[in-house]
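What follows is subunit A paired twice: with subunit B in the first complex and subunit C in the second.
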Partner chain A sequence: MLNKFPDDSVGLVEPQAIKFTEALPLACGRTLDQYTLMVETYGKLNTDRSNAILICHALSGHHHAAGYYEGDNKPGWWDSAIGPGKAVDTNKFFIVSLNNLGGCHGSSGPNQTDPQTGKPYGPDFPLMTVKDWVTSQARLADHLGINQWSAVIGGSLGGMQAMQWAITYPERLRHCMVIAAAPKLSAQNIAFNEVARQAISKDPHFYSGRYYDHNAVPKTGLMLARMVGHITYLSDDGMREKFGREMSAGKLMFDFNPQFEVESYLQYQGERFSTAFDANTYLLMTKALDYFDPAADFNHDLAKALEHVSAKFMLIAFTTDWRFSPERSREILDALVEAKKEVSYTEVDSPQGHDAFLIPIPRYMEIFNAYMSRIAADIPTETNTAGQEGYHAR
Partner chain B sequence: MLNKFPDDSVGLVEPQAIKFTEALPLACGRTLDQYTLMVETYGKLNTDRSNAILICHALSGHHHAAGYYEGDNKPGWWDSAIGPGKAVDTNKFFIVSLNNLGGCHGSSGPNQTDPQTGKPYGPDFPLMTVKDWVTSQARLADHLGINQWSAVIGGSLGGMQAMQWAITYPERLRHCMVIAAAPKLSAQNIAFNEVARQAISKDPHFYSGRYYDHNAVPKTGLMLARMVGHITYLSDDGMREKFGREMSAGKLMFDFNPQFEVESYLQYQGERFSTAFDANTYLLMTKALDYFDPAADFNHDLAKALEHVSAKFMLIAFTTDWRFSPERSREILDALVEAKKEVSYTEVDSPQGHDAFLIPIPRYMEIFNAYMSRIAADIPTETNTAGQEGYHAR
Partner chain C sequence: MRADQEIIHEWIKPETRVLDLGCGDGTLLRHLIDNKQVCGYGLENNHQNIAACIKNNVNVIEKDIDEGLASIKDNSFDSVIMTQALQVMHRPDLIVDEMLRIGKECIVTFPNFGHWRARGYLGFRGKMPVSKFLSYSWYDTPNIHFCTFKDFEQLCVQKNIHILNRTVVDNEHQHRWWTNLWPNMLGEIAIYRITR
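The block that comes next holds the complex of A and B.
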């Protein structure tokens, strides 16, 4: 445990559970009559409520993006980018971060109690789409009194939510920052997700998703899912640099214990994840990824889908990302250009593959910072006195 | 069943089991006192026994490379390349194809009876290396009276065996054809193999490799292993062309049944494989891949490892192969050039990824044919009357 937080940390944070009672109709045809969103906020909302930023999380993310919990010495998942003086500067912005519906960190989801049965939802929790999430996030904005976000920002699946915001609620965000994302998954992306789903659903401890009732956890399935996922988050080059063919024993052992460093690493990552994440949520999140395809509603014409957006876009991609390669970000770029929208695009040179979006690579942070200054400058001037006497959501 | 075989087929073939009783010392430190190799041959050995070609198989391959079994309507796995008038021309060459030790198609391996116990070897069958295989193949050559191969040819793991032949027995082959291979696995390659191994060994029906005793098969593990493997055999582009985001139902179904075509395809491939292949063999084959690293004995200097080879090399790589990319073949090329060896290298443009090496792509077959003519021309002239009255191994 840390006695003192770093100077550029938002410090101690606490999540809040916000309950919504207005029914939420979903893409699948079902409705959530009531639901809870776990939310964290950092910084202060200004008087005009015009300096708010929404952070959307990726596949295994949650609301705890920055700062520390009491007793913890590990900060939130994007602490490198959020804090006083950091890219997403809490001295300038009021930042909202939530756990999406279907998540496993306190928002309504498979591992939470279904009020209608008093038991965990499990596989009865409806499958969600990126659009559903954006609708629920708009309700959250309403609840917080935020009519228009300064920016919606996300990486990977988070970037897809940012993009969907710009399409669904063009007037409700001034900037849209899409990092290491794609306009839709490729067959290969879907294939990797399907391996993960098969690993989980065929685990004998999955019990058709009702493992809570059996006091069981499909650990092996989750471990395998994470191992496959992890390979796609790293680059071939990055793995070569990080692990090469280094052997723990220094020589071939001719058994099936981990032999090469990369094997131990993956097993460790997989095992840690298997006790920390919910299997039904993992299935749901991968489906939301597979289903994301905003152009599908517009005759598969992405430029058409983006025709009415009014947000300015910032796209960032990483050279060795092969999960969502720069080529995929350029598809979004090309569509925005075709739709005659304002867009900036940067490709950051990095060996870290898809994972790069979470890593404070100096060049990435420079570009992130520069664009955030522009976003700050776009806060309507009469209210550009962030946090003086603003609403503090905690 | 076919009533008549195609004109360019070797026709009906039969495998033979060849028993070896001289003990075989292995890299792992153990010894196989006796062993059996399942072998097929095509074409006729000439009087001087100088027109022989060895075909080495890849991860899930076996001895049945060409022609048809009685009652079968599917030919061997490389029938597109082996036959009268084909690249590996049975009118010119005597072709030998075997199931490697540790395989599951009749050669001594985990699913065969251990003569010492009368039960299947299972996990007690020793782990094999590419070097061990090459030693066993040299014994096979001795048995067939073949002192020097016209060529040793293989794709993927088969190409690694060809390369090892040139290093271990420089005088015993005139040509070495290495297709879609690499001088050693990368950390990413090993990582994918480890996911496959974890999937198999953590399957509750694996019983520590003694599933034969339980009348069980670790089907789920094998299915997952094959699904992951299959993704790495295809290219991202190839999958996009083949499956795109096509949906079997034409719309999102919001359940976990296969939704996209690529999901059904992978499940089908995985399930078919899970009843056709042996789990212990799969583990052993992936380990042989991981362990292959001929430069390791030469201070990690591949040129040094190749210093004494006398075979002429032909290397072929495929543009969209990301399992063993052209870059990996060029590592072998560069080392051969540095070692001042005779080498040809071709990169074939193909969307099929690693799988391309098994597909009769016109340009690939042209190049293959041209090089095989050169190999045929290198058969010592006094014996260049293939098969007139030669030894016919069947």
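The block that comes next holds the complex of A and C.
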């Protein structure tokens, strides 16, 4: 455990579980009568409640985006970007990060107890869409008294949520930052997701998603799913640079055990993930990705879908990202330009593939910082600051 | 503001949509936004400039203009501007076509290779002109398609492009009365406003 946190860390954090009792109608036609969202907040909400930023997580993310838990020596998943003096500056902003519905880190989801049955939801938890998540996030904003976000920010699947926010609630965000995302998945993206789902559902320990009842975990399936996913997060260049054809024994062993570094790396990643993540959540998250297509409601015209958007957009893509390549971000860009919206776009040169969005690459951070100052400058001046204490995160 | 930008500023109508190709740090767009309430974007591929635009609160899009502007629809902008970048393009003629496709009007500025100093340099020294203003050597210059005013106007005739205005300035972007006497010899930078 760290005794002292780095100066630019938000330090010790604690999540809070927020219960919602108003029923949430979902895209699939079903309804969640009540649900819980696990939430972390960093920084201080100003008296006008106008400096809030929502961070949306990607496929395997959760609410723990920054800071440290008691006893942990690893910070949250986006600690490189969130903290005092960092791009998403906790001295200026009140940052909200949640675990989406269907997740496996404490928000209502397959691994949580269904209040109606007293047993885990398992495969009975409804399939969620990006739109459903955004609706639940809007309820969270209402709960926190936030009428309009300074910005909604997300990478990958998180970027899709940010985009959906701008479409569904145009008046509720001033800026929308979409990083390494796409306006919808390609057939190739869906194909990779399907391989992952097949690996999980064909695992003998999956029990049609009711593995909790059998005290089992479809570990092999989850591991394979993560391995194939992980390959799509890295780039060919990045893998060559990181592993090349290095062999742990230094020579060919003529057996089927992992011997190339890349093999052991993927196995390690898969192994670690399979003990930390829920298989049903993985299935649900990949489906939410597959289903995301905001243009579908507008005759497949993305510009039309973005017609009523009022947020200003910042789009960032990474050159070696082939999961959601720069071309995919440019589809969003072109639609925004066609719809006459405010947008900036940059392509960051990096060998890290899709993973780059979580890595503090200097040029990426320079643009991120510059745009965040713009977001800070757009915070309306407070109507009354004298003698009033802001809402404290904890 | 630079004199050439002042001239461009005069030619841009208020509250119109502007695209600035090779927008640099966004100074011109910033000025047009502040004073003419235009909206629009700058296209740029230099990283420092992109960051500067974002700091300047100017919408900037990373783009290599040489790759073309096919993703932008016809007549999307009231004005498309390109200052001092035409000579850097691989195919200036095609870029001018593209600018006139996506914009109702275009403003182009470029250095005049027919200026007496350039002529003198090549004529007397027998070497490619290098000056404070055009400070590159022939082998490392980004300026790969120099032309004279006459060349450009000939291209306009060939392509049926109408020249709405032409102003000639010197390298300090000052307009001198005598440059109009013999622009192709005395003008260093031309600012053209063109349309189909």
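By our rule, the second predicted complex is superposed on the first by the 388 of 394 C-alpha atoms of A that agree within 3 Å, B and C clash if a C-alpha of one lies under 4 Å from a C-alpha of the other, contacts with A are read in each partner's own complex, and residues count from 1 in each chain.
Here, contacts are C-beta pairs under 8 Å (C-beta built on N, C-alpha and C of every residue); 3 or more make two chains touch, one makes a residue touch a chain.
Since this is a predicted model, take the numbers as computed values, not measurements.
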Contacts of A:195 with subunit B and subunit C, given as first, second, both or neither: first
Touching partner for A:239 - first (subunit B), second (subunit C), both, neither: first
First, second, both or neither for A:28, with subunit B first and subunit C second: first
Touched partner set for A:283, first subunit B, second subunit C, both or neither: first
First (subunit B), second (subunit C), both or neither touched by A:78: neither
Subunit B versus subunit C as contact partner of A:370, first or second or both or neither: second
First, second, both or neither for A:121, with subunit B first and subunit C second: neither
Partner chain in contact with A:334 - subunit B first, subunit C second, else both or neither: second
Larger contact residue set on subunit A - subunit B or subunit C: B
Residue ranges of subunit B touching subunit A (in the complex, touch as defined): 27-29, 126-127, 184-188, 190-192, 194-195, 197-199, 201-202, 204, 220, 223-224, 227-228, 231, 234, 236, 239-240, 242-245, 252, 254-256, 258-263, 266-267, 270, 283, 287, 290-291, 293, 322
Residue numbers on subunit C that touch subunit A, as the complex places them: 17, 39, 41, 47, 50-51, 53-55, 57, 59-62, 71-73, 76
Interfacial residue positions of subunit A with respect to subunit C in the complex: 312, 314, 330, 333-334, 337-338, 340, 342-347, 363, 366-367, 370-371, 373-374, 377
